[in-house]
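Same chain, two partners: chain A is paired with chain B first, then with chain C.
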Partner chain A sequence: MKRTGRAIAALAVVPVLALAACGRAGEGDSDGGTATGDSTGGKTQVRLWTHSAGNPAELEVYNQIMSDFNSSQDNYEVVSESFPQGAYNDAIVAAAVSGDLPCLLDMDGPIVPNWAWAGYIQPLGISEDITNELLPTAVGVWEDEVYSAGYWDAALAIFARQSVLEANNIRIPTVDEPWTKDEFDAALRTLKGAGYDTPLDIGAEDSGEWWPYAYSPLLQSFGGDLIDRSTFLTAEGALNGPEALAWGEWFQGLFTEGLASNTGTIGNEEFNRDEVALSYTGVWNALNSLEAVGDDLLILPPPDFGTGPKIGGGSWQWGIASSCSGPALDGARAYLEFSFKPEYIAAFADKQIVIPATEAGTELSEYFGEGGVLRPFTELTQFAVLRPETPAYAVISTTFETAAMDIMNGADVKQILDQAVKDIDADIQNNDGYGF
Partner chain B sequence: MTTPRAVEPAVGVTATTSPATTKPSFLRRRGGRHGKSAAYAMVAPATILLFLFLVVPVLLAVGLSFTNARLISPNPPRFVGLDNFIRAFTADPTFVRSLINTFLFAVVVVPVQAGLGLLMAILVNQKLRGTTFFRIVYFIPVVTSIVVVSILWRFMYQPDGMVNSFIDTITFGAWESIAWLNNPSTALPAIIVMSIWQAVGFHMIIWLSGLQTIPEELYEAARMDGADAWQQFKSVTWPGLRPTMIFILVTITIAALGLFVQIDVMTQGGPVDSTTTLVYHAVRRGYREQQTGYGAAISLIFFILVLLVATIQRYLTRDKD
Partner chain C sequence: MAGKKSLDMRAAKRRRTILLYIPMTLLAITFMFPLIFMFVSSLKPDAQILADVDSINAFLPVGDISFANYGGVFERVPFARFLFNSVFVTVLIVGLGLLVNSMAGFALSRMEWSGRKLVLSLIIATLIVPFETIAVPMVYWVSKLPTLVWENGILKYDIGWLNSYEVMIVPFIANAFSIFLFTQNFSTIPPSIDEAARIDGAGWFTIYARIIVPLSGPVFATVAILTFLPAWNAYLWPLMVVQQESLRPVMVGMQYFFQLNTAWGEVMAYTSLITLPVLIMFLVFQRAFVSSIAASGVKG
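Our next item is the complex of A and B:
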């Protein structure tokens, strides 16, 4: 009897606990200070989360910075936890809702306005000398305040073999004189005639954020955009105007004419094996291709479709949670200021093959410095366009991905883009304009 | 949502043993109060779990579907009346497409999977050597994770994948390979075939258990009356399988309406919305695009539709007496 009673009592506690946990949701900002910083033995602990659990090269540099920082002074101790990238954003959202965010966290560039608007992160508050030195696309800004800063940016380029272009009498473009749309189309047809089944690997077998990252710059080069950046209140005219329709028709044509394939393997293997002549891909694949192709490799700017070549900007950056306060906040800022040393920036660049975010870092880099084999990429960052800095980006991103995939698969371009505009506008209205 | 209703007809299958008569005698023997509290303790885990993970979420979904709640937002949710429902039916063609696709999928999968399962069950119910081997083979896809199956079939459906090269071989090269999942007219059929292949083994086992409850004497009597194989099936097997049939119909329908994983792994709703389903659309809008309120509205519509379909099925298959 007694035992049964206790069992029932224990069972009754379960939902109460669960409800109590639910009750904590939404009060994230009030008690963050104690949750994020604890004093142990005179040192204030500063918690840090990264998304780089699956990336040993990146993690190695972080561990180096943290141990250097921890031994350089007696006030703070940075304690890290790393997550696989796939689960990272979910972990952040869950932690934010339950008020358990760490002081320091990294985030993908385009999500910064969303998290700043939602109150997850606070203005960075580190020395402007540091953030002014960085590439503009490595800094996250929301409502004129700096919320995040990163050590590098990525860039897309067109990889080609010099021998193949020369054999087919195709002009080798330069940053000052990139291919025009007509030249690029003609080159693709020539290369198809030269025996390449699908001459361009555009990466369409991938999914997710790659789509807006890789293909919205093409749209912007045509003169369209994901949203009207003068108001940030509607996508009308930007995503379904005549320029956007021209982009859609061109993009669809790549696949219907067999100039690009919508299947294949993610990465740059097809190019390395010479199954495609041109590859529209990222800096992170450059070293592998260099090994496969050697001196014959050309790193070319993307074509100019009307308003100049464009590439996507904004990679992973660091921010400070809004729940961080007191000595832990000072520690977080001290750590970030410490971490933007040129040698660390160069280490990130060389280990991960990404473009260093400062001049000083670039000079120290083996691959991107003066005479480095990947030097051409540093010239491409001038073409970088940020994805729209609005909290609506979460919706814009998936809407654009679906729309572009539908266009690739042969749907009516006008109809698809009109619907994408409606979906984006409905979300913005639902959120009362996101504060714009 | 599937569990409680799936269990209901299962009780019907064993109802002939009438468990209802045993329970009161058990309670009476142990005596009043003690027996009662023990009974409550025993139903408590199921009740609490059902309440927490079924009743509470359903009530929350009902509440949220009338607001503009978001997953991430500094602003508190606001009551928006029927806006979300109006948006679903008038301004969101993907939702309408999801509705059509979901029912297309169910309309094909329910009869084909049930019929195929029955056929296989009859085949492996023969008293021949080696039937155990076939039972195991047919059951293997069921115990394989649906995510793994979906990834493997995605490779098989590629232009240079196994499906195309198989058709190519049996047609002596006359076949022009197609990217099954990238073509709006073949993507949903491709997923239907895969889903049936994956789940049919489970329903074969249920049919088999039904077949084995039919007493051999009935067949003997039928044979003495001169019934051939078809007449035996029509007059003995099929009526004997009635409770099993109802159970299978309801479980397949509910599982088919809830189609999600295959879509998420293989096509993400594309190409051109040809494979998007209600559950997939709810997850996409409600979670990935963070529109919790709108996602809740879609879930609520889905809930009502499933309830409606299940009720109609119950009515059509009710005991006539």
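Our next item is the complex of A and C:
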């Protein structure tokens, strides 16, 4: 009986002591300071958050930039904390609620207008000489002010094997003369007849932002869009007009006719193993496919469904939190200006296999520079279309994903797109037009 | 005749046993397959996992087998730190939860005081509020709580619990469902035991510690297991309140592997590593687990 009493007492006391002893273990080893910055050893600390945890190649470049910056001057010290990408936005929203955002934070391009509208971030305030040099899709603008800027952008393309296209007498498209819709459809049917069970890997097994990023450019190439960009107040006519319906019918047909599959694995393995003939995928998969396929690999522009080939634009960019002020704000801007050096942009592109955002960075890049094996991707950026620059995009994105998945699964196209328009318009009305 | 009858009965019994074991074996295999797939895939390179996925090879350690993925896990995430954090947080939530909730259950079931039924009703009513709906207000709330911190050897007053162990532990110690289970279980113990103990001079804490707790092993095991699982699997809350990598638990670490191209081999190695403590705990407490489920009629 006595032993039970002692056990209970231990149960109560030991954990409390342990908790007290550990206190805030880990605090202060890498983070510190508030959004407005702390002074340590005469230097103003500038906190920085990235979405790069678990991505050693990306972190290596960031650490190099921070190390170079910190040792280049005596006024500021940038200290970083990295989060895994899948958890990053939730962490940002929680930090915004508790008033604990860092000065510098990276963010996915399409979310920039929403975070600017919500007051999370402030105008970037760095030299226009830098932002003017960047790809237009690497700059985040809201209400005519630059809120974010990035070192790179991505691009989607059609991967193919030259030998397969030639063996099936399929014309090899170029940037100047991409496949038309009829040519593309005919190529898919020919390849299916040649023995490919589902000739096109369109990545439909993926989920989330991939859907609007990959498939809304196809909608735009048909002549539709996610929203009426002349007002940003309604999706009526853009997402459920005749062009959008044509896109929906075509997209559904890919799956009902067995030209594409919604199963398989995320990535490009099916193409690398020659289980599919064509793969609609991103630049980040190009080096792996080049290793698997060699010189036979073709990087082709997406088809022209009526209004020219289109691909999605806008990737991860840097912004400054609204709560950042005083010396820390100066430090944040100084760091950003320092970081946009061509050598860092090139290093980032070559480590991450993404397209450099400046010409100077491109020329220094091993893969994207003159004669680089991934050079064709730089030509595709001319087809890039930004996802709608509106705070409503967060809702547009999930609504479009749901609608496109329903269409893929055989739902009535018109009914689904009409419902999507209603959902998007209701959100815009509920938020008083998001300032438009 | 008697010998033949005995033989027939034994044969019938054997047939019944075989018939029973067939579905049991099929069920066991069904439940084992995901675990076998996970452990086997953790030993294969990504390309082979994807190539094997639509054949029986997915469940067999064949091909290019190595522990390279485990090496990759330790390079990509500070695994030992994440594991320590999860173990530390989970042990404290379970330990303190057993103490606090059993005491609350004791007060609600054994002690006579006005309003206890209303209090129990209010506690049970909180069960209908999903955690996700109160998560954001809770983040704001804990960010404004006072605390004491050691700084340069001095204990200082500060505001905000973010980036601490206590923010991952304290909000989950009191648990309405655990209190309900303890209350229900303690109510089944005859009150005459308390009366006899009080006549012998025992106080309430003595009755709790020396009579009620020793008689309630199964419910303590049930609550321990039901508390352990969500604490070990915690994801949303640590993600929102802990920004420093050095404080993250294992479940948040899972996201490290989902980059543009998922490292599936490393995902499987990581999930194998973080599943092991749960499996070990189940195997160690298997008997208590089964008996507590049977006794309380609660499933996890």
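Here is the rule we go by: the second predicted complex is superposed on the first by the 400 of 436 C-alpha atoms of A that agree within 3 Å, B and C clash if a C-alpha of one lies under 4 Å from a C-alpha of the other, contacts with A are read in each partner's own complex, and residues count from 1 in each chain.
Methods note: contacts are C-beta pairs under 8 Å (C-beta built on N, C-alpha and C of every residue); 3 or more make two chains touch, one makes a residue touch a chain.
All values derive from a computational prediction rather than experimental measurement.
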| item | value |
| --- | --- |
| Which superposed partner A:Thr234 touches (first chain B, second chain C, both, neither) | neither |
| Touched partner set for A:Thr180, first chain B, second chain C, both or neither | neither |
| First (chain B), second (chain C), both or neither touched by A:Asp100 | second |
| Partner chain(s) touched by A:Gly282 [first = chain B, second = chain C, both, neither] | second |
| Which superposed partner A:Ser80 touches (first chain B, second chain C, both, neither) | neither |
| Chain B versus chain C as contact partner of A:Gly54, first or second or both or neither | second |
| First, second, both or neither for A:Gly410, with chain B first and chain C second | first |
| Partner chain(s) touched by A:Trp117 [first = chain B, second = chain C, both, neither] | first |
| Contact residues of chain A, present in both the chain B and the chain C interface | 1, 4-5, 8, 11, 14-15, 18, 93 |
| Sites on chain C touched by chain A in the complex | 46-47, 50-51, 53, 75-77, 88, 91-92, 95-96, 98-99, 136, 139-140, 142-143, 149-150, 160, 162-166, 169, 206, 209-210, 213-214, 236, 239-241, 243-247, 252-253, 255-262 |
| Chain A to chain B touching residues, read off their complex | 1, 4-5, 7-8, 11, 14-15, 18, 93, 96, 114-115, 117-120, 207, 262-263, 391, 394-395, 398-399, 402, 405-406, 408-411, 416, 419, 422-423, 426-427, 430-432 |
| Chain A residues within the chain C interface of the complex | 1, 4-5, 8, 11-12, 14-16, 18-19, 22-27, 29-31, 49, 53-56, 81-87, 90-91, 93-95, 97-100, 265-267, 269, 273, 282, 284-285, 288 |
| Chain A partner contacts - residues on chain B that touch it in the complex | 34, 37-38, 40-41, 44-45, 48, 51-52, 68, 70-75, 80, 87, 91-94, 158-159, 179, 182-184, 268-273, 284, 288-291, 293-294 |
